[in-house]
Each structure stands twice: as C-alpha cells, then as structure tokens.
Amino acid sequence: MNPRQSPASPATRAEMAARFVGRDITSMRDFTTDELLFVLDLSEEFEGSDEPRLKGKILANLFFEPSTRTRLSFHSAMARLGGQVIGFADANVSSVSKGESLSDTIRMVENYCDAIVIRHKFEGAARLAAESTHLPVINAGDGANQHPTQTLLDLYTIRRIHGAFEGLRVAFLGDLRYSRTVHSLIESLARFNTELVCVSPPQLRLPGDILDDLFERGVRVREEFNPTILPQDVDILYTTRIQKERFPDPVDYEKVKNAYQLDRKALSIYPSRVTVMHPLPRVNEISPDLDDYEGAAYFQQAKNGVTVRKTLLSLVLGVV
Amino acid sequence: MNPRQSPASPATRAEMAARFVGRDITSMRDFTTDELLFVLDLSEEFEGSDEPRLKGKILANLFFEPSTRTRLSFHSAMARLGGQVIGFADANVSSVSKGESLSDTIRMVENYCDAIVIRHKFEGAARLAAESTHLPVINAGDGANQHPTQTLLDLYTIRRIHGAFEGLRVAFLGDLRYSRTVHSLIESLARFNTELVCVSPPQLRLPGDILDDLFERGVRVREEFNPTILPQDVDILYTTRIQKERFPDPVDYEKVKNAYQLDRKALSIYPSRVTVMHPLPRVNEISPDLDDYEGAAYFQQAKNGVTVRKTLLSLVLGVV
Amino acid sequence: MNPRQSPASPATRAEMAARFVGRDITSMRDFTTDELLFVLDLSEEFEGSDEPRLKGKILANLFFEPSTRTRLSFHSAMARLGGQVIGFADANVSSVSKGESLSDTIRMVENYCDAIVIRHKFEGAARLAAESTHLPVINAGDGANQHPTQTLLDLYTIRRIHGAFEGLRVAFLGDLRYSRTVHSLIESLARFNTELVCVSPPQLRLPGDILDDLFERGVRVREEFNPTILPQDVDILYTTRIQKERFPDPVDYEKVKNAYQLDRKALSIYPSRVTVMHPLPRVNEISPDLDDYEGAAYFQQAKNGVTVRKTLLSLVLGVV
C-alpha cells in the first residue's frame, strides 16, 4: 500500500487516532501494520507544522540511563508543540538511589504529569512502568529489548526518501546480533514486500530465532559474512557500530572492527545513489567524507525523530 | 474548626493572601494556625483548576542534594500554572564545587528568577538563603531540620480524607527520633485536638524535648515500644523507614528493622478502614499488598504535594 | 561616542539588527565597535521589558563543562522572553561519553532547536560547533579562550554605571595572565579612550603579546607589581581570583594569594566611590563587608548578564 495513493478517510482517521489515546508505546510488536502506517502518514502531515497542541500538558522524561539524543528529541518534540517537560537525565539524581522500586517511582511521577517517557537499562522496564500507571508510557529504550520510536523514525526516513517500502532492498551491516535497532527495524520491514541482506562477521550474525521467523514468513533474506565487499543491488545500507565488549577475544574484535567502514570510495561501486543510514552516535563506521553525499540520511534520521515523537505524543495525549 | 463550615470571608481571604506575598516558607513554626488552615482551604479550592496564573514567572529549583520526588513536584506545580523552572538537580553541576558560598549563589540566582526553592543537606541552609535575598524562598528540606511543604501535604491529605483534624487519633510508627517529617507533622497536629500514639523501638523514640513540649501543651500523647502489636483505636497509621545507619550496633538494627512492616494481615485487626501514610520512598515498610487497600494514602500524598505547592507558589508570588 | 547622545536612526537600527540574524557569537573579536555599542544600546532599551518575543523558539544549552551561573543566566534570558530550553548541565549525561565527535553532537542537536549555546573545556570548541551547523551558536566559554557574553555584560555594567567608556581609568587586579575574562575585557576597553592599570604578581602579569598589542595601538596602560598598595585615581577595580594551580611552587602562591583582597579598609584610600567588579564566583578576593558598599557592582553584573543575553538571543534569532 502506498499511503499517499490511498489516504485514510476522515472517519477512519478519527477512528485510528482514537486507538492511540492513553496507549502505551512499549514495543513495535504492539502496532498493527495499519497503525504503523497511520503514524507515518500523520507524521508527514504534521511535519513542519507546530501548533501548540500540547499546551498545558506535561511530559515526564525519565532517563534512568543517559541518552542525550533521545532525551533531547522528546524534549524538543514536546516543546515544539507548546508542552512542558520535567524529569531527570541520570538515575543518580533520582530516588532509585534510595532503593525505591521502579513501580513506586512511576506511581509517584504519574501525579506530576500527563505522559511518561522512560529509558532504562533493564529489559522489560518500560512494560513494568506501563503496568504501574494509567498514564501513557513511551519506551525510549529498555536494555537490548525495544526502542520503538527509533524504529518509527527509521521507517519514516525510509519512506520519506523512497516513497514506499514495497520492493526495497535493504542491507544491514555490522553488529546484527546485539543491535535492538536492527532487530526491530527488520521485524517491521518484513511486514512489507522488502528484501533483506544481513552482512556481519559470523560472530555477530542475526539471532537464529529472528532468521527462522523471517524464513517462516517467506521474507526474502540472505546473509553475507565477507566484510570486504558490500552487497550489490541494494537501495539502503543500514550500518551499526561493532562494540569491543561483545568479543571475548580482543583479537577477534581487531579483525572485524573496521570491516564495515563506509566512505566515498566504498560507495563508488554503486552506479546510483544508495541511502546510508545509522542510528548514531557513530564512531568510525561512516567516514565524514560521506556527510555531504546525497544519500547520507543519518542526520535526517535525527530530524525525523522529532517529527515522529511529536506525532506519538499528540496521539497518546489525545489531541489529534 | 471545620473550614468547610466556616469559609473565610472575601475580605479575610485577600488579607490572608496578602500576608504571604514575598514571604519565605522555611519552617512550619512560622505559620500561625490560621495561616496553616488558609493554605489548606486554598489548596482545596485550587485543586484541579490549573489556570496559567504563573505565566511569565520563573522558579529556581536549587537542589544541592538530589530529591526526585520534591524537585519534580515543584517543577510540576510551576508548569501546571504556566510558569517556568530553571535550576539544578545536583550540587556537582553547581558553582558550589568552585567554593562559592551559599549566600553568594543565592544572590546570583535572585537575578534569574522570581522565587527560589532550596534543598540542602545542612540545617539552617534555607534560612540563610532566605536572608540572602529579597525573593521568597521555600525550604524543600534542610538536613534533619524542616521540610514544610511535606508537612502541609500530609496535613492536606489527612483533612481531605477525614474532613477535620479534631478528635483524630494518629499513630506514628518506626523512626520517631530522626524523622523530620514526623517531628514537623506532630508539631502541627498538636495544634488541634488530636491524640498521638508514638510507636518505636526504644532507641528511636521521639526526642525528649518534643515530648516535653507536647506534655506541657496538654496534648494527649502516649508511647509504645512493643513492635509486635499495632495500636488499637487509631484513625491513621503514619509509618517511616528505619535506617540502618542510625544504629551503632548492627545487631540492634536487625532486631527491629522489620518490626513495623504493614501489610493486609497486620491491618486485619482493625474493624474498619484505617488510613495508611508514608512520606515515601518506602523500602519494605509497607507491603505492596496494601497498595489497593482503600485506606492506602501514600500515593495520594504525592498527588497532594503538587496541589499544596501550587498554592504556596501562587501565594508567595502574589497571584492569588 | 556617547550612544545616548546620538541614538541610531530607525533605518540604521534595522540594518544593524539584520547583521546579527543567524550569526554566531564566538568571540568579541568578531564585533565591530559599532556592533558592540549597538548590543549595549539595545540591552538598555530592552532592560526590564519582557515581551514573549521568543515564544515557540527553543534554545539548546549544551554545557559540556558545568557552569551554574552562565547556564542559568541563558535559561533565564530565554524563559523571560517566552522561549524554551533543552540541554544538559554536564558532559557525563551526554553522548560524548559514547565517543561521539563534537561536530556530530551539534549536527544532531541542530534538529532539536533554533539556537545553540555551548560551554566546553577545549579552546576553539565554540568555533568548531559554529562550523558544524547553520544555526546561530553562542560561545558560553571555551577553555581559556573566549567568553563573549561575559565581556558584554561587563561592558554593559560599566556603561550603566559610568555613562560612557571614554576617559575611564580601569584597574585589573589579580591573575592577569590566565584570566580570559580580563583579556577579553581589556581588548574591548582598549577600543575606547580608556586608561588601563594592570596590578598583579610578576608571575601573573598580562601576557606579552597582549601588552605589545596595546602599546602598538597607543592605549594608555601601565603595570604595577606591588600588591600592598592599590592604584590611585581609578574609577573601576576589576578583580579576579588567583588560582593555586597556576603556581609550580606553593610557596610562591602563599606569598601572593591574599595580596589583592578588597575590603572596606582597603578602599578607604579613595576619596570617592570606586566601582568594584568581579566575574564571580569569588572566594576571598572581595570581603563580604563590601557587599553593601555603593560601588559594589558584582551582583549587578549577574543581573546584567541576563539582560545582554536576552538581547543577543533576540538578535541572533531575528526577532528584534
């Protein structure tokens, strides 16, 4: 479905919006494909129009683990729409240091705000938070588990550039084993008629259960373990950082650490522009000489992050 | 006096409000009983009505010692009324790390804001801050000394639930020696015709000077040192945490640490609902199985904290 | 030129304001003398009038190094004009801890805001930030290099008190070698017909290149190394802290550490009021007994900091 060719009717729109009021956004798995496309459509509609829809609303930005990017992006989204933000950037200044349970912290904070964004190092923390309050809770990353707004901004970026998901060939490079960003995006892209190429060192290949699931669903997916050549015939290169701490033997890390570096020269094999994405922060996975390459989309991703977060906050707070 | 039966006349109201303009709120001892009741009455009136009364006003939230609960509560109160908040959550990011005196910090900050909230580990810090500026200063806790907004929210919670203070029987459980929350609330409740039961290990009984003062004023108060039975015939159980570091001998701590844990079973001795209060955060003083007990008031206390702080900020900023 | 005697014509005013739209404020050296005076004139005009000119605008306050004073001053300036502020107070909660380059951080943050204020321990950080984004960047201190808003507030304070710069005799006391505040203010004052007296221990005299530059430009400047007597016939004493870590030999530090302490007694040598300035925080350079001396201007400096920052933010955001 190309949403621009078949826009939702006004009735459907109100109905879809109603489904999001007060809702928790803890995992991409909670989204039907219709809902996912609705969020993207609405984000396109809202992009660049900043009415003070959220005036009088308060967001609690609870970052039990630091993350400037995501925290400031939510703060900006709220501020752009006239809302206010309370919270903390660091668990050390929070009452968790006094031994308070997460559930108690959430039940305290729910008295101070209208919606909660939570970042926490433990998997499942966002769902636990959601169960502790009647307010909408948005997961801004819980350990290696989920980070749904990252996936939505990735999807939004892809559709903004390529118009639709159908028929796209997307290569994922680097650490495909531990990257929650990759797992979640793959799961979402697999809902559409896309072709996936997984390029990684053998130690960091996509987990078996995710691969099995893709095969079962008939998704076109292939793996490549040769780091010296980039896959041919792809529309998008989505690259991630390989973290040293994933390797028990440092020698193994040294062998692969620079294997998936992208630069102008590496991309010269492609006859036409390829889209380059990265969740950021990057260290050396993408050379600065690509920053003005017309396919470079990684800073656009950051911009789109504010857009989709504005949409989600408006939806769960019921002001669409 | 039941304030709902004898509401203040408009003239009196304006007169009372005028007393608070620009005023420092450093200790409950500064409040006359009339003033205390006025704040509670006004809080009831303001509860749930969030006009942007504080638009254009700036609060400096100066937390030299971390406290998520109190800091976010003040931030929320200000934001709910349309005001803005500047400040810090932690002395490490403040200029005190450069050796600046508290007085100088306050005289700097007074140029940036309209009111100051201060939390500091040293007793008397709030009063020193108040003496350093012509702006209103609200004490958000200075060491073991005072935390007047905690007392006001406790009083507000009690009156919301029980209608009036007169005739109430209130039991305090746990650490009655070091808890500023308990000392301040007892002093305030003693102004009304209440009956107080102090239940603690002998090492943590209420300080002698407070007891002497209560006896002199003819307040009905009794002590109990047997931790295994809860007091009969009470309306409210106000419990606090017993902190390990208060005991020179760890063996003594082990003996009493779980003595005052409240749960459903413990409360089954009461024929009718009893109100359970706690300043939070709790560790294991109150079992989660009490969270949906209809007398559980501890999360309501957090909610009421925002309400009384909205009232106080409005009063000292002169916009009532 | 006394700007009050020859106010800019409306046409000139619009023209001058246009020069600042979207502009980076990284160094005082970027200001022409006309521009400098324009900022001071506009600050006088704006002082005390807080229209919500910056409503809907977002400032990113990026403090890679803590500074309560400057951070809260910018936050207050933005809030006074109806704008919002995002950011961090401390590099530890930022993605620099993940190894991200400053340039990448800025290119991320530019998607979240309309202007950026940066404080960083490395010289040149502000200029690098400015080169990384099309948004206006204001330097809030980069190492020992520049802190232009401090210089502007110092100049504003001097002109508010003395009416004009011409003919003023200004003495600088203390650490003239390492103080960026002193270097920058001297450079600016030298543009006008002022007379400068540099009083310091020999180890901390003004750097030779700055002195050479002043002599070349024909500025009247003299040095004094006797710490026991204050210079005669001056209008302003601008004093700074002498930091222990500047002295390889602690004995040398001990000799001079208290040499330039100002108090009532020290100032009694002046027949009439002298203006006492300090960038704050002070430790013991100025005795508290001077705080109510009518020439004490150091807390007024903090107040004027908000004023000039309001002006600069309005200018670079194009809402004058």
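All chains are identified by letter, namely A, B and C, in their written order; residue positions are counted from 1 within each chain.
In the analysis below, a contact is a pair of C-beta atoms (placed from the backbone, for glycine too) under 8 Å apart; a residue touches a chain by one contact, two chains touch by 3 or more.
The model shown is predicted, which means the values in this text are computed figures rather than measured ones.
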item	value
Chain contact topology (line, ring, star, complete or other)	complete
Superposition rotation for chain B onto chain C, Cα-based, multiple of 5°	120
Fraction-based call for chain B against chain A, same above half, different below	different
Mean-CA-position distance for chain B and chain A (Å)	42
Chain B: positions in contact with at least two other chains	none
Parts of chain A lying in touch with chain C, wherever the complex brings them together	50, 52, 63, 66-69, 72-73, 75-76, 79-80, 89-90, 280-283, 288, 299, 302-303, 305-306
Residues of chain A that touch chain B when the two form their complex	56, 58, 60, 84, 86-88, 92-95, 97-100, 103-105, 107-109, 111-113
